Each structure stands twice: as structure tokens, then as C-alpha cells.
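Note that the chains take the letters A, B, C and D in the order they are written out, and that residue 1 is the start of every chain.
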């Protein structure tokens, strides 16, 4: 065949399989989101809509046909999201590039598609698109995966406490960002919390769990028809769950923010296992969660 | 610090650098585009708008700030695109995952953002998003990279001739797809061309070069202010070029297809090297192109 | 410095770490040992001296200073040996090339150094050196490592039964090798054992365990001064152990086979943990061994 | 089959191919040779016999059947040796582990086998074996490979000048090693040469090229029957060559140092291409060598 003399170039496509029975995490991370969040005037220290958008894009990844239901949990904070797979996952022959690009592509596409729903008055531009990079990390035991998630959640805690205090100083305390940064240098957690309370009357314990603990996308067995709700509009609460409303993009909404390019398409038939995705904001650090109905057995089998 | 006891999990993030001085190609490929193209009624054998959308997304990748102008050429056909980088490229420490996810993310985001411009009457759904996987392939010499591109262009030729004949048989000849497939089994190129001409009056030589040769995104030095044109609306011709109109998404258009979520943002200042991206449909197989103004020196330095 | 302009070539030395907490096995394999064994007239189906030499070289690898006592078990059959390391092993930064070449180098050097002790009348030649290749394989759980060793031991069983029957047919039964091979085609284990017994009076159960089960090099805690013994001269028995006689190369021997180039050097001080290496030939397939004093806890911690 | 239930463990053996058309270098390095050289009283700053042994072991690697004549050059200094392969080399499917372990194994085995010839009065011990680790490094162009060799030769120069001066200070100048080290701190090449000449009457230019430039093992086309020579006994000179006397281990020698375990075996038939290995000590840094009969075309094709 005419093409055969060039076909040798295919030999340069080297295999890149993961080990056969590792757990693996695919973590994606927003690129240049500092500027992106400024451009679209994200609220400080946390923008509820931006986080809800991240969560819905993550649900699209976890719940989509492409991953065949094999992602068992996703954890998100700020502009990053981690997708956790069990050791038995055989998806795409466990080819590293295939898996990581698939997740990044779905997330990016979903983020853009969902954008107008969450930011109807701040349209995207082609030049400043939301972009995410990704990587795969393999783990060999359940404990390591739990520690991975604890590591991300501790990070969420630390960042959120810092940011909450920092922006209180700037927005309410009249400090410049440089001053605020200096104010906080060397302070420990308890000092930041004290400062928040004494100067701004903010009890850090009452801060929204989504901000303090990040967001967990997880499967929940359906026991009855899921109620129709729009939880992303209300403050998320610990233990509160949001329906995996994949086809809800065009649900009736008060404003004219419905994107021209994204429309509902009915799911033809429900997935076999009667389960749905929920977003919760719970403590992954203590063992309790991992021994609870949600966490127990999550990574095994 | 509280998080330090879990920080050991970072050690599982292994390095994945490319070799320091290989050329590399990042090839992305549509996932499940057979179904996707049916869903949106893509024209057969080729959908001009779908290809123009691929080309514009590719221009966004090549021309975007994220790649720092270091992608020297991209080649696309059907639902795949290959992005070529020189051996001197140092982008992101040449980390494989970083590079491939970045390209896939930009492309996916751009494709969704641009969709309403090209398919104003067939909105995307969250469930059936356009998704692309990607891989990086390293090469060690210019000749291998040229052969890589020849390999893809030969593939374009073969696929297009087959598809053109196949769909002529089906759409004009009244054959079923099964019959058409059988009709073409074992036929060589000359036979397909003869069949096209004798039965359907189609001179294959006059078929649009974009279909026969694929699309090349390449930098062109600007000698004068680029004329304002909307080449994506007209049939592309060999040697014809399309302006890298990154900010042209919201250019005045006859229909009301302007996407709600994607808006122009003016480029503040032109890139230092006075060059722009063009899309051409030229022969990469013969040496002539590689010795021409466009190809000569493209991969060196 | 004069050399600095060339130092860039070091950047081509890419990292190749194992994952941080996998178990790993380094398996070495004789290259071209079919010819090598013919050249030195190894006994068929098993050469006791050749296997004893393999075992002593393996003990040198496991017990040598280079591995810091971190190899917990080695298993050998024929011209291959597998060295097992726990998930906590941090040796040489877990660099793959470093670890595998180190083991191969020690084994090869020891094999040559010990050769004259076992084959005093068949000196090595430079052209036909004993050569071994090696590979590292990572596992993620104790069960996988146990199954790896079971896999090797089942292989030992199968090969030894075949070889024992094959060579009985050839050496005692007067069949050519081609005939013997054909005789055995399609036979199952019980048929081979029946054939051995009915035609040659060989009860396969009484065959030396070293041949049937391979050899296990393992650490044993010393409870009293080890008795001086030369077990490699006597038929090895199940449960019998051989002292890790690293410095016994020049022990008094009946013949003049002491190599000129290899001499005893007294160990200056005993290793801190009062333990020594033994070679045993035991069943690794059933769970019993893994629950016994030897196997229990071997891979954990 | 009984073994099949465990055969899944083979899936953990991941592929590790080199890129299809890179040049590659396998560099081996003595492990703990500082102690090893002390144990056997190697001459300082250079031990001619130790280097000759390295060279002969390297010739065995390059000239041996295992590499199929595909190693085109080897460069050695001190206790390291680099083996260079062309981009067209297809040996062992270019599997990284296979290639590097093979070279390390042959070198280690040859080193031990040849030891008694070079150190008849200082026998090896099993505990203190000569051990080498190894790595593979890929390069993408001839220039990079040349620079790799220049890098090693510059290193040879620097180390040898330092060592020559250091040991002159210690052995002839009566300085302690600590003093000598301090004396040389911060000195440049010209100062070391001046010191050598003014204080010890040593003209560095007359130092043996083997010490200054290292050793190159390379193929030479035979134009006439090679003369029988024992060049390893005489001081090697620049341009002087040593025959690739693979079977010369048992050549008549004055002492009774012939190893019991290593004996001559006649090469049955000469290799097809009438060429032989030589060891030379030439300048690889300047372009001249690479344009000479030896270097020109060495890496191409």
C-alpha cells in the first residue's frame, strides 16, 4: 500500500501502561487560574459558582459513559480535582496517556459547556479559555489512597483558612494585599482563627464546609426516586448531597443565562446499578468516614 | 505542619520527561466521533463546517499563549490533529503528561467554545460532549518527522478516496452501506477513481484539497497587514490561506449563531515576531514542500 | 571548566525510579545456557553441581554487603534466580537500572569466581562465559508476590517432570531426543509419573526436592553457632539447610580444584542481626509455608 | 494447566523499549572500587594492569557473540566503561533492561575470569568481588554521541592531572593525603602541570596516553594477518593498537599465574567481516579524529 513505506513511524509510539493492579489517581489542575479568576471577577476568598461549576464538571467526568462508572470518588478544591480509580480498573488497557487525556478532555469540555449556566454575565473568550493539565499517580494500597485524599483535604484546610483571613484583612480590614500577606506571615492556625473572630467577628467553624473541606463526588445507591433539587444554588452543607443532574443543564432557570450551545438531551435508560452521584463536603481525614457507609469498602474489591 | 504526615504521597508522582532533544508530536483523536457525527448530522463524506471547526480549534492551540509559539506545525484530518514540536522545545520541562494534557485541554475547550459558531442549529449536550484523547510520540530526526506527516497525509488520501466513493455509491447510487462496502472491497485507487468518474461523473482531482490532503496549520511571516477575510465560509483552496483569526469569533455574521458563551476579546498587542497562523491544504509527501519557503528550515534550529 | 560545554549530555540520563512502595522481584536468567551446559557436560536432567553453584552465587547476592540485607528471599531453578525485595526497600533510591545491574553483576562475578570449586575439571573459557540477563518486576501486594513464587515453583515442577521423563526415555529407554519429545506430547503429569514408574522404576515422589521444588535462599535467625557442614556435597533434602558459607570457597577440598584466583577472606565481624542464609527446598504453593515460621511475616513490615 | 492460575503475575512485566532510532550508550561503573583497589594494592595514580584488565574485559564485551558486533566503540577510564551503539541497532528488541544487564553481566564475568592473568598474586575473594552497575542513555544525533565521548575524555584529563599531581605530592613530596588535597584546592590545570614539573620533574605531556586520554576499543579492518603481539604487557602508546586477543588468556606467560578456571578455547572460524578489535588512546575531543579513517562514518548508517 502507498502508505506502508511511512508506517514505520508508528513504532515510535511506545507503550505506557500503568502497573496491572495499582490504585491510581488522575489529578487535574487549572492552568493560570489566578488570572482567569480575576478576569471573571471570582468572589474572594471563594466563589461559590466557580466551585459549583468545578463540581458539576467533575460529576460529568465521573458519571459519563466514557469512564464506564469505574471512577469511585473524586475530590475537588479550588481549581483542582482528583479522580480516584480502584486497582481492578482495566479501562483502556490502563494506558497512562489515554486515561489522563480522556479525563482532562471531558473535564475541559464540560467546564466550557457549563460555563454560561454559572457565569451568564461573563462570557468566555477564545483567548482566555479555562485550561487544565493532568497527571496520573499510582498507589499500591488503600491506606496510601486514603492518605492521598487526606493530603489534599489538609491542603484545602490550610489554604482556605489563609485565604479567608487574608481577604478579611483586605476586604474588611482595609489592608493592602502586601500588608495582609505580611500580617499573616508566621501565624499558626489558631492565631488566624482568633484574628478572624476578634477583628471581623467571623467564627471559622461556621464557614461553609465546601470551602473548608472541599468537595467529594461519590456514588450513592438510590433507594427511592431522587428528588428534583437544585442544590448548587443553595449553600452546600455538610452531609447535604447534590443530585448528579447530568441532564439538568437546561432545567428552568430564573435568568436568561441558558447557553445557546448546550442543551438537554434525555438519558435514554438509567445505568444498571441503581446509583447516582452526589457531592458532599465531609471529613476524610479521620478514620470515621472510611469506616462509614460511604467510605467502607469504597476502595476494595 | 498538619499536612506533613501525608505529604509522603507526593513521592508517588514519578517524573516523565521526554528525552532532551527529540522532536515530538502530540496527536489528539476524537473519541466516539462516529456517533457524535451522526448525532449532529455531519455531511458525508466530509463535513466542511466540522473540519473548519477542527482547524480553528487547532489554530487556537498553536497560536495560544500556553504553547509560547513553540508548535511549528499542526496537521489535521477527520477528527484527529497532530501538533509538531522542534527538538529544541523546552516547554514545561518537556514533561510528557503536562504537554499532552495541555494540548488536549485547550483543544477540547476551544472546540466546545467554537461549536455554536459552526453548528448554530445543533447545540451540544452535556452527555454527548466532543472528547479527545492524546499521546506524545518522540522522533529523533527531521526525516522521521516528515515521514510522520507523510504517513498521516497518505492516510488522509486513502480514507477520503474510500469515503468519497463509498458515499457516492450510497447517496447517489442507491446502494446500502453494506453493499457499498462490499463493492469497494479489493479495489485499488485507480479503480475507485474510475468508478467515481464513470458512474457519478466525479473527477476526483477536483475534490476539495482540504478533503484530499488534510489541513496544515502553520506560521506565516506577515509582510503587510493581513486582510480581513472569512475564508472558513468559502471553499478552501490549495494555497489559499485562512487568517489566524483567534479573536474573530464574534465577527459580524449573517445568522444569529453567535454563541452566548463565547465573546471577542481584543488582543492587546501583537506577538513580537510579526507572523500569523494560516491553514493550507498542500502536498507534504513530495520533497518539494519541504524545500519550499514554508517547509525549508521548519524543523531545524 | 573545560568539560562544562559537554556536560549537557548528562541531561539525557533520565530517572527510572520504581514506585515508592511496591514489592519488587529481580529475576536473572542464563543466556544461552543450553549450549553452555552441553559444553561443560552438565548431567541430565539435572546437574547437582550446577544447581549448587547457582545456589551459592545466589547466597552471595543475598548475603553480600551490596544489598544491605534487604533481599528477603531468593528462589532458583535451572539457570534462573528470582530475588525478592519488600515494599519498604529504599536501596539505591529504588533506581531500576541500578538495582537490576547490581544483582546481575554480583551474580555473574560470583558464578565465575565459584566455578572452579564446582567444575574443577571443566575450566571456563573467555569466549563461552556464563552470562545472565535480568529484569525488575514490581508487585503491589503480598499475595501477588506469593503468586509470583508459586508461578515459578509450578514451572519448576512442570519442567522437572518433563525433563526427568524425557531423559529417562533417552538415557535409559534408548529413544532419540526427537522420539522422546514425541512420546511425551500431550501427556499429563499423572501419565508421565506412571511412565516413569512402570518403565524405569522411578518413583517421582522420591526425586530430590531440589529438582522438584527448586531452591529457596532465605535468612534464618541463628540460635546457636552454626555447625560446619558442606551440604552442597550431599543430596539436599527437604527442610535440610545449607550454611551461608560465603567465606568457604577455599575450604579444604579433596581435589586440586581450588581456583588460583579465588581465595578465602575472613569476615571481619558478623552482621549485626544474628542471622544466616540457608538454602531449602520447600513447598511454596500451599499456604502452609506462608503461615509457617519461615514464611509468616516475611513480606510484611 | 496447574500453573495457569498464577500466570497473571507475568502481566506485571512491563515493556521497557528504547526509542526505535536513538543512539545509545551503556555505561558501567565499578561499585566501591576505591576499597577494591586498596585491597589489591593498585598502583597510584594509575595501575597499568588494572586498566589493561578493564580494556580486555571491554574487548570481550564488544567482540563477543552476544552483541553480534553491533557495539561500534567503547571508551574506558578508571573503573568505568561506555559502550556505544548506533541508531540502527535492533539487538534484543532494544529492550532497555535486557541490553544493560547483558553488558554488565559479560563485563563482570570477563573481569573475574581475566583477573588471575593480571593479578596472579592477589587472588579475588568471594566477599570482595569486582561489581559494576550500569545504565543506558539514549542520544538523538551523532553530535551528541561525540559530545558524550568528549565529556568522558575531558573527565579523564581532569581526573588524571589531579591524581598525578596529588600522588606526586604524597608519594614523592611527603605530603599527607589531606595536605595534598588542600595544596591542590583551587589550582587550575596549568598550575598543576607547573607544580608537577618544577617540584617533581614530571613533564605531564609525556605521561602515558592511556592515563591522559583513556582507552578506546574499536573495530579495525584487517588488511593482513594480524601480528601476534602482547601489547598489554608493554606500555601502551598513542596510535599503538592491541589485538583483540579474545582467546589469548592462556598465551605463554612467564609466571605461573594462569588461572585454573580460565582456559583457552580456539575460535573455530573468523568472524565474517575481516575486522578485529584494537585498543587505542587517542584524542576524541578535536574534530580531527572524527574526520579520520577511524572516526568518519563510525556512527552513521
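The rule is short, and it goes like this: a residue touches a chain if its C-beta (ideal position, glycine included) is under 8 Å from a C-beta of that chain, and two chains touch if they have at least 3 such contacts.
Model, not experiment: these values are computed from the prediction.
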Third chains touching both subunit D and subunit C = A, B
Look at both sides of the subunit A and subunit B contact and report whether the same residue positions are involved, with over half shared, or different ones.
-> same
Would you identify the chain whose Cα-based centre sits farthest away from the centre of subunit C?
-> B
Quick one: report the Å distance separating subunit A from subunit C, using the average Cα coordinate of each chain.
-> 50
Determine the centre-to-centre distance between subunit A and subunit B, using the mean Cα coordinates as centres, and give it in whole Å.
-> 30
Euclidean distance of C-alpha centroids - subunit B vs subunit C, Å | 55
Would you mind listing the residues of subunit D that make contact with two or more other chains?
-> 8, 12, 19, 21, 138, 144
Which bits of subunit B are touching subunit A when the two form their complex?
-> 1-3, 6-10, 12-13, 28, 31-32, 60, 64-66, 96-98, 100-102, 104-116, 120, 123-139, 144, 147-148, 150-151, 154-155, 157-158, 189, 246-247, 249, 258-265, 267
Contacting residues of subunit C [partner subunit B, same complex] = 8, 11-12, 14-15, 17, 19-21
Where on subunit D is subunit B touching in the complex?
-> 19, 21-22, 87, 138, 140-141, 144
